[in-house]
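Next up: the structures, one after another.
Same chain, two partners: chain A is paired with chain B first, then with chain C.
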Partner chain A sequence: MNHALSLKIGPATFRIGSAWRQPVEALARLYADYPDAAGKVADFTVRLEPAGLFRRWLRPSIFITGDHGLADAAPMSLTHGLLAAEMGMNLQMALGWRRHLLLHAASVERDGQALVMTGESGSGKSTLAAQLGERGWRLMGDEFALLDLATGDVLPFPRLVSLKNRAIDVLAAEAPAPRMGPLLAATAKGDIRHLVPRSDAVRRMGQGARPALLLFPRFGHAAAVRGVGQGEVFMRLTQASTNYVALGEPGFAALTRFVRSVPARAIDFPSGEEAIAMVDRLWEELA
Partner chain B sequence: MNALLLVRALRDPDGVAALDDGGDGAGWNALIAMARAERLIGTLALRIGDRLVPQAVAPILADARLDAEREARQALWEADRAAEAIAPLGLPVVLLKGTAYAAAGLVAGQGRFIGDLDILVPRPSMQAVEQCLLRAGWEWVKDDPYDDAYYRQWMHELPPMIHAGRDRMIDVHHTVLPVTARQRPDAAAMIGDAVPITNELYILSPEDRLCHAVAHLLADGDLAGGLRNLWDIHCLLEGLDPVALDERAARHGIRPHVRQARRLAAALYGDGARLTFWDRIVVARLLARDGWGRERRKLLRFAFYLRSHWLRMPPAMLARHLFTKWRKGHRPA
Partner chain C sequence: MPHRYCQDGEDAVATCVLEDMVLLYHRPSGQTHMVISPVPEILAALAEGAALTASEVHGELSRHYDLGPAEEALPQIEAHLAELTALGLVRLA
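And then the complex of A and B:
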C-alpha cells in the first residue's frame, strides 16, 4: 500500500498499510520508542482503505480492514485516522489472536504481581489503569490482558491508552505533554486522545506477571466493594473474552485456573482519587 | 503482485524456503495475507507441515492448524445435530463440500475452512426437513419476503437458516445449481449413488463430489474464493478415472465445465496444462489478489459478478430480479 509501518506490541506484530500518509505518520510518532519491527514477519496485516470509489480524495473516509475485518464496519473520517489504525489492530487481536486467552481488560503490575480490571466500555478501567500507570505501577495494557495458557501469567499488550472525554483532562494533568497524542474530536465514542505508556511499560512489554487481584470497576456510583462469586466471575470473563470459544479446552483450563486462584471484587467509585485509594487498600489486603 | 505466490506455495511447499531471501519479511507477509484472504491459510499450514520456516512464521501456521482442527470439529458436530433433527424422516442426509470432506477424511478437507453446513435432500422432502430443523432450533436469516420467495421458487436450496444457540448456518439443497441455471444436474442420481459414512450421513460418490465442486465454481457464482474451490477440485481429482468422470459430467450437463476445471487445476496446482483464451481470463480472475490481501482488477471482478447472474437466470428474469434488488437498495460490492 502507499504508506506502511510495522509495529510490535507485546507478543504481536502488526503490518499497517494505509492509503493516506497521516495515520502512518501519527503512529510512527507515538510508537517511536517501541521496538523496531520494520522488515519483520507480521502476525497481522491491517489495512486503512478508502471507504468508496472517490473517498481517498473527496471527503476522505477510511474503511478499516485487514486479515480479519467486519463487512459492516462504519467508515471513519481521515481526521480520526490514528483511531482507525488503533481500531484496526484491536480488531485483528480480537478476531485472530490464538496464543493466549484474550480478556477485554486493563492490567497493571507491581512487585511481579498483576492487577486485572475488566468491565464494559465506560466502566473506568482504562482511565484507572492509566492513572495507576503514572503512579508507581507498570501499565500492562488498557484494552487486552493476555492470559498465558501454560503458565497462567498475564502478559502485557501495552498499546497506546485510549482516553475518552473527561478522562483526557484527568491524564493530561498527570502525564507530560510529549506523551499525549492529538485530540480527536467528536469520534463515534466522543473526544479521544491517546496516551503513550511510560517507558518502563514499553521496555518491559515482554514480561508477564502472576495475576493477584481481579476487579470489576464501575465509575459514577457511591463507593462500595462487593465480593463476586467464582461462578459469576467465570461467566463474566467468558463474555469479556473474544477467543474463549475458539481456544477450546486449553482456554477453559486457563480460565478455570484464573478464577480459582485470583480473588475478585466489584468496586463502585465516584472519582479517580477514591478508586485509587480503594485499589491500594484491596491490593494490601488481598494480593 | 498476484496470488500466484500462494498458488506456488500450495503446489510446491518446498519452495517457501526461498521466501525469506529478501530478509525483509515481505515474501512471507504477502503469502500469509493472501492465504488468509483466500481462506487457504489452514491448507497452506498443513501443506508446509514441519518444513523449516522463520521463527515468526511458525506460530502463525500453528494457529492456523489449530483453527482448522476446530473448524472440522465444529462442522462435524453441526452435521451430527442436523442428522439428529432430520432422523425422524428416515431420509438419507447427504453432506456436501467442506463438511463432507472433513467427515470422510479426504485430502480436500485437510486444513479447509468450513463455513456453513451444506446438505442435499430429495426435493419432495424439503418442506418436512425445514419443519424438522425449525423444531430443533434453527431459524430464518432472511426476513425479506422477496428474498424468501425467490429462494423457494428459483434456487437450489432453502433460504439459509441459522441455529439460534450455536450460531451456525445450514443450507438445505435439493440440487446443486439454481433451477434457473442452464445446466440441470441430475440430483436424484447424485442422491441415489451417495456413499454412506455413518448410519444417517452420506457423501456424494467421488465423481459427483467433483461434479458438484465444478458446478459450484464454474457454472454458478462469481469465482469469489475460487482458489480455495479450485484447490478442492485439484484434491478431488486425485485417483478419479477420467472416462467415468467424463460420463458422469455429461449426465449432469457440465462436461465442458469439468474439462475446464481439470485444465485450470492442472495449470495452477498440478503439472501444467494448455489453456484456452477463456481459461486465461478465469485464471486472471482467480489470481486477482495482492500482497496486502486486497482484491485487485475491479473491472474483471465486476464482469464475473455480472456473469454469475447471467448464468443463474434467463435475461428477462435477470432484469426483473436486478431491478427489484436495486429498488431495495442493494449495490454490488
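And then the complex of A and C:
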C-alpha cells in the first residue's frame, strides 16, 4: 500500500493502507488526538484498493478489504474515501473481534455508569449519543459497545461519530467546527459528516463503566416509554451482537449477566430535545 | 418397550432464568435455546442421570404440579421429549 496509517481506538489497533493519499490524510487529521499506534502490532488491517485495473486514476473507485472482507461489497467513490476507511474498520471489528462481547450499540458514561442504547440503523441512537456527548456525558461510542467478559463493564470504542442527513445540522449547531469532518454528499447512506468525539472521550478511551441503563430508542414517533421484558432484551441483544455465537459460553454468561442486572426501556421520541429529557428522567429514576 | 430419555450429559446445559422464560446454553453445540414451562421442568425431571420414560416423567412432574388429566398431559410431554431429543438437549437412553 502506498499510504498507511495506524490508529488505536479503544482496545483495538488498526493499520489502514490505501492506494490513494486522500483518505489517509483525512483520517490522520480527524484522529490527530488519538494515541499514536505507529509501530504497534495491529489487530486488524484495512485496505482501500482500486476496484479495477485502471480505477486508481480513472473515475477512482475504492474496494474495501482487509483481514475480514465481504465478497459482494460495492466499490465506493474516492470522494467517499473517509467513509470507506471507517466502514472498513467497522467491518473488521464486526467480523473479527473476539476479546469482548460486541454489541451494535451506542454508549455514554456519567459518574462511572454507562447508558447503552441499541437499535436499528436510523433509530437515532447515534445522534442521541453524540448529543449527550456534547452535554456533560462522556461519549463511549456511537456504533459498538464492548462488553467485558470478566467484569461485565462496557468498554469504549470512541471512533468518529458518523452523522447522517438531518443529524449533521443538529450536531453542527452544538459541536465546534474543527471537530467536524468534511461533508460526504450522496453516499449510499445519504449525506454523511463525521464528528470527532470530545477530547475527554478520546483521553479516557481505555476506561470502562458499569452498565446502568439500556434503552431501545426509536426516533420519529410520539413520546412514549415502554418496559421491555428480559426475554425480549436478551433476544434483541443477541441480534445486536456480531460475535455472540462465536464467543460461546463466556458470551452467554456476559450477556445474561447484563440482561439480569441492567434495567431496560424502549423509548419513542419525536425530537432530540425530547429524547434528552426522557434520558435524563429515566437515568434519574433507574440508574 | 417405551423410549427412555436422559439429559445430554450431566454438565451439557447451562441454565439462566430470565423472568418468565429460561435460557439453556447447550455446551456441546454452542446453541442457546429460549424455553418456557414445562420444558425446564421436564429437563429437571431428568436430572442426576435419570433415564425415564415419558410416563415416568409425567409421574415425576405430577408429584409437584397439577398437570390435569393424564390422557392430555402425557402426549404433550411425549411431544416435548421428542423436540428436546431433536435439539440434542435430551437423548434416548
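Heads up, the rule we're going with is that the second predicted complex is superposed on the first by the 287 of 287 C-alpha atoms of A that agree within 3 Å, B and C clash if a C-alpha of one lies under 4 Å from a C-alpha of the other, contacts with A are read in each partner's own complex, and residues count from 1 in each chain.
Heads up, the rule we're going with is that a contact is a pair of C-beta atoms (placed from the backbone, for glycine too) under 8 Å apart; a residue touches a chain by one contact, two chains touch by 3 or more.
Not measured: the values here are computed from a predicted model.
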**Message:** Should chain B and chain C be called a clash or a fit once both complexes are overlaid on chain A?
**Reply:** fit
**Prompt:** Between chain B (first) and chain C (second), which, if any, makes contact with A:Thr256: first, second, both or neither?
**Reply:** second
**Message:** According to the stated criteria, A:Arg265 is in contact with first (chain B), second (chain C), both, or neither; which is it?
**Reply:** neither
**Asked** Touching A:His104 in the superposition: chain B (first), chain C (second), both, neither?
**Response** neither
**Request:** Please work out whether A:Gln230 is in contact with chain B alone, chain C alone, both, or neither, and reply first, second, both or neither.
**Result:** second
**Message:** Taking the superposition on A as described, I'd like to know which of chain B and chain C A:Thr238 touches: first, second, both or neither.
**Reply:** second
**Item:** Dominant toucher of chain A (residue count), chain B or chain C
**Value:** B
**Request:** Consider the C-alpha centres of chain B and chain C from the C-alpha centre of chain A, and write down the angle between them to the nearest 10 degrees.
**Result:** 60
**Request:** Applying the touch criterion given at the start, work out whether A:Arg179 contacts chain B, chain C, both or neither, answering first, second, both or neither.
**Result:** neither
**Request:** Look at A:Gly248 in the shared chain and tell me whether it touches chain B only, chain C only, both, or neither; answer first, second, both or neither.
**Result:** both
**Message:** Can you report the least C-alpha distance between chain B and chain C in the superposed arrangement, rounded to whole Å?
**Reply:** 7
**Request:** Please write out, lowest number first, the residues of chain A touched by both chain B and chain C across the two complexes.
**Result:** 248
**Request:** Report the residues of chain C in contact with chain A in the complex, numbered from low to high.
**Result:** 14, 16, 18-21, 23, 25, 27, 30, 32, 34
**Prompt:** Which of the residues in chain B come into contact with chain A in the complex?
**Reply:** 23-25, 28-29, 32-33, 36-37, 54, 56-57, 59-60, 63, 66-67, 70, 292-294
**Asked** What residues on chain A touch chain B, complex-wise?
**Response** 1, 6, 13, 15, 17, 39-43, 45, 47, 49, 66-68, 98-99, 246, 248
**Asked** In their complex, what parts of chain A are in touch with chain C?
**Response** 229-231, 234-235, 238, 245, 248-249, 252-253, 256, 259-260
